[in-house]
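Below are two complexes that have subunit A in common, paired first with subunit B and then with subunit C.
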Partner chain A sequence: MRQKRRYRNFSNLLFIAIVTLPVASGLVYALLYSLGFIGLLNKGFTTDAWETILLGKPFWSSLGFSFYIAMVTIIISLTVSLSIAISWRKNLNKGALSSLIYLPLCFPGTVMAFFSYQTLSKSGLLSRIGFQLGWIDDLRMFPSWINDAYGIGIIITSVLLITPFFIILFSNLYTSEKVEEYVQLAKTFGASKRQVLLKVTLPILLKKASVTIYLFIIFVMGSYEVPLLLGRQDPQMISVAILQKIQKYNLYDIPKGYAMSVLYVVLVIGVLFILYRKNKTFFKTEMKHS
Partner chain B sequence: MNKIIALLTVFICFACAEKNKETQKDLSKLSWEEITTEANGKAVTMMMWNGDSKINDYMQNYVTPKLKKEHNIDLEIVGGQGPIIVQLLMTELQASKNTSDVDLVWINGETFFQLRQIDGLYGPWTSQIPNAALIDFDNPFIGFDFQQAVNGYELPWGNVQMTLIYNSATVKNPPKTREELLAFAKEHPGTFTFDNHFTGLTFLKALLIDISGNRDELSGDFNEEKYTKYSAQLWDYINELKPYLWRKGEVFPENVAQMHQLFATGELLFTMSNNDSEVDSKTLEGLFPETSKAYVPDFGTIQNSHYLGITKLSGEKAAAMVVANTLVSPEAQLTKMTPNIWGDGTVLDVQKLTPEQRQQFETIPSRTRAPNRKDIQHKALLELSPEYMIRLAEDFRKEIIEN
Partner chain C sequence: MKPILNIQDVSKSFGKEQILSHIDLTLEQNTVLSLVGSSGSGKTTLLKIIAGLETQDSGTIYLHGEEVSNMKPQHRNSIYLYQEALLFPHLNVFENIAFGLRLRKTPEALLKQKVTEMVSFLGMETHATKMSHQLSGGQRQRVSFGRAMIIEPSLLLLDEPFGALDSVTREKMQVLFKDLAKQMQISAVFVTHDLKEAIVMGDSIGKITKGELTQFSDLKSFYNDKDSGIKKEVEFWKQFN
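Now for the complex of A and B:
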């Protein structure tokens, strides 16, 4: 018993050393830098960077834009993946489709972004096909899907990247949660197809996947390469905006970049904390059966 | 929680513990022979922009073997430019590292300014290397980097002038003045733009100088009053141009490589280059159409030099000096200047070379699509003080991108 506890203590310590400590140190460093305590060019405590970020428009518009991109991406991705997982269930278990579905997982974000760029830009593949077929008179007439104001290119690419994860997740959940049996049960009680979908299948799958869905929203909000290549200079997604502050020409902007990153992390942790307070079993990965 | 705080304290203490710096030999007291002896068998890491295949080829297949053969030095090249270099050296200085990961850096302008600000460069060292005597330091385009005296902290390596590139098959009369540019953009909307990086900012600087009405009006240190006055007129002009720019000026290419791509696919009728000979190399590569040409508008373009600096925390300063000396040797400069190799202008004063070497420089195969240096020299503008670029970058965002 004592040995077991010692083992658990050791693994807790290992987790703190490998995961918590570097992240916490990074955050403390960023906070001290943003307040002027450290940094080669900083001259001591100041709240200038924080005031500029909190009171200015750029941080909040970047945050809003990132949230918009993440929500639209997740909604489209969930719709597509649920439709595929439910309607093609038999095909997903065997045959070519069951392997093909993994293919997009092999593409790193940067490669997928380049692929989107080559396909969707004004001089890209689709535009050229449209031109050859006489649908458009000039390549420049092709709609702006890359570097556009609504982040269409970013959304399409993010959907391509994350949908396979959800398809695999939902098709596994469908089996592990014995959804098929519940469906049959509901049908014997006379439920219509629509009722089965809305009252049985979707609630079970979405509830079981809810933590993953929230985490994917945060993942898309914080993505960097895809919006860097396919986004525009305004509005910018949050990671791109932060890195530009830290890495562009003005060294006196670095504290602002760090303030933005601390604020973003605090906001995300705050939201997760509220979700946790609302439902304490929410982030438990294993369910206790009593 | 207590455990976390305790571990955090230990972690920070470790990070700060590396205070003691290694003492290195004082190179300023060594002769060149002693420096070359010291450099023998060492490895030098050079951080440079590696976005051009021709430049990479020159470094990897010409410079690296030459250094190994002549001085037994291993040159390792890593990618990174401007702000990346500044960030890296800042972090190393803050972490009180003993030796830097990088020995030699390819820099100019605002990077030099910022590295001097953070005291990240070693120096003065350039007068110690023999080939420095051949460099044309009297030329203001070489001896001064963005109006700053180099003071021995960086060594000129190459010299270039910005050009605008167009396809002569589709554009018969490229615009020569600001007014003509505006008229051209109105007539061909969506076909002209500039990037949101160094090249675009260099183009904006040329326009700012043109607006000031006098080439010397903005020379010297940064002048807030003058900047405010002329930049307001610049933003008025760009805002007038904006609806006719590529994608109505709502977005700008992130870098010059993207602009080259857009030019190659025909989406843009113009691209730009900070290297006057790039039009030839990119056409030879097959990226640009055969009928591409480069020119300098009547309002002129910035001519500047790029330099080599040694990092303050470099552990191989002697070897880095030998590498720098080799890079400015007549042989390496001549090879670099050849259009199908790199096409980078030399920083050497050819009058100081032997008659044989001078003849070699004068008979370099001429460019076919870029104008000759002699013909555009009178339109060359001196770089402005680095703060102008930093302010232009910030205000371009506020006045144009976010507007």
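Now for the complex of A and C:
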């Protein structure tokens, strides 16, 4: 019993040392830098950086743009992955497809972004194929999907990156949550195919995957390489905007970059806290049966 | 009386393995047939064929005198209940019981009245807003029955519904099911491993051995059958007398 407690204390300490401490230190450093306590050109306490960020447009437009990209990406990705996981269920469990589905997971974000650039840009593969087939008279007529205002290139690349994760997730959940048995039960209750999908399959899978979905929204919102390569200067996604402020030659912009990063983290933690307050089991992966 | 269920010459194989062989079975209206047999004898397959969840290789099935051999499960009005309660994890107790009524687009006021009555009958008033994981095994099974009974199915197909329950809860559930079946005039096929449960629950008994069904006209003839295993069980308990 004592040994068990000692082991639990050690695990807690290890978690704090490896996970909590570095993140908390980074946040404290960023907060102190943004308030002028530390930094190359600090002149003591000032709220200038925070006032500029909170009252200016760039932070909020970057946040809004990041949220828009994340939501569109997740909605498309969920639609595609659920369709594939449900309709190709048997093929995903055996044969070549069960191995091939893991292949896109080997591509780093940067590689996938370059691949998208080569395929979707005005001088890219699709544009050239369209030109050769006579669908467009000039390569410049090809629609702007790279470095465009709507982030189409970023969305397509993010969808390509995260959809395999969701396919594997939903495919595994379908089996572990015994969805097939619920489906059969619902059928004997008289549920049509549409009713089975809308009232049984989708709610069970989406509810079970809800935490992962929320985390992926945050993951896409905070992605860096893909929007850096495929996005444009305005609007920028939040990570790109923060990094540009921190790494630019203008040293007076660094506190603003840190203020943006602290504010972004606070907002994300705030949203997670609200979700947790609404549902106390939000972060629990297992439910205890009474 | 016209039988509610009539199965004629049904056979089923999976690959080279014959699961059911020339099954004939009849079930009278408002009666319960207990179906016993060892694991892998074909009980579950037979139930799934009746429900329309599996397709027989040959033979015909009549429900209320109408042939349903190739009818989709959605249209058979026969509910198949698993050993597990399988309450929908995204719905609370009230909504689980209301599930079948909502599929049938029952008017909201009538739905509320019927579900409230059922919740009360099941003794689950204080649990109506709870989710499945907040209930005990017996409570989940009660809700599962209520969910099935409320849509007044023609036939209830129960696949070892009390198999996962402790003996006390199991007995309570047997009483509850008998009450519900009597009150709602339910016809059912009840699969069980437990000979005592088969006798308690069934008005008649069928036994599947290696895919072949023997249907006993009454409980007495099942008791007298030398292969039923009942006499062995009675002898076992007698030694403690």
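Rule of thumb we're sticking to: the second predicted complex is superposed on the first by the 290 of 290 C-alpha atoms of A that agree within 3 Å, B and C clash if a C-alpha of one lies under 4 Å from a C-alpha of the other, contacts with A are read in each partner's own complex, and residues count from 1 in each chain.
Going forward, a contact is a pair of C-beta atoms (placed from the backbone, for glycine too) under 8 Å apart; a residue touches a chain by one contact, two chains touch by 3 or more.
Model, not experiment: these values are computed from the prediction.
**Student:** Answer with first, second, both or neither: which of subunit B and subunit C does A:Ile204 touch in the superposed model?
**Tutor:** So A:Ile204 only meets subunit C here.
**Student:** Check the residue A:Val28 against both partner chains and state whether it touches subunit B (first), subunit C (second), both, or neither.
**Tutor:** first
**Student:** In the superposed arrangement, does A:Ala149 touch subunit B (first), subunit C (second), both or neither?
**Tutor:** First partner only, subunit B.
**Student:** Give one of first, second, both or neither to describe whether A:Gly56 is in contact with subunit B, with subunit C, with both, or with none.
**Tutor:** Neither partner.
**Student:** Is A:Gly95 touching the first partner subunit B, the second partner subunit C, both, or neither of them?
**Tutor:** Neither subunit B nor subunit C is touched by A:Gly95.
**Student:** Classify the contacts of A:Ser192 with the two partner chains as first (subunit B alone), second (subunit C alone), both, or neither.
**Tutor:** In the superposition, A:Ser192 touches subunit C alone.
**Student:** Can you tell me whether subunit B or subunit C touches more residues on subunit A?
**Tutor:** Counting contacted residues of subunit A, the larger count belongs to B.
**Student:** Of the partners subunit B and subunit C, which touch A:Thr20 in the superposed model: first, second, both, neither?
**Tutor:** First partner only, subunit B.
**Student:** For A:Gln184, using the defined touch cut-off, is the partner it touches subunit B, subunit C, both, or neither? Pick first, second, both or neither.
**Tutor:** Second partner only.
**Student:** For subunit A, what residues appear in both contact lists, the one with subunit B and the one with subunit C?
**Tutor:** none
**Student:** What residues on subunit B touch subunit A, complex-wise?
**Tutor:** Of all residues in subunit B, those touching subunit A are 3-4, 7-8, 11-12, 82-84, 86-87, 90, 93-94, 110, 114, 117-118, 190, 196, 247, 250-252, 254, 262, 265-267, 389-390, 393-394, 397, 401-402.
**Student:** Applying the document's contact rule, which stretches of subunit A touch subunit B when the two form their complex?
**Tutor:** Residue list for subunit A touching subunit B: 13, 16-17, 20-21, 24-25, 28, 38-41, 58, 122-123, 139-140, 144, 147-149, 228-229, 232-234, 246-251.
**Student:** Which positions of subunit C touch subunit A when the two form their complex?
**Tutor:** Residue list for subunit C touching subunit A: 51-53, 72-82, 84, 86, 88-90, 99-100, 102-104, 133-137, 148, 151, 157.
**Student:** Can you tell me which positions in subunit A touch subunit C when the two form their complex?
**Tutor:** Touch list, subunit A to subunit C: 177-178, 181-182, 184-192, 195, 199-200, 203-204, 207-208, 287-290.
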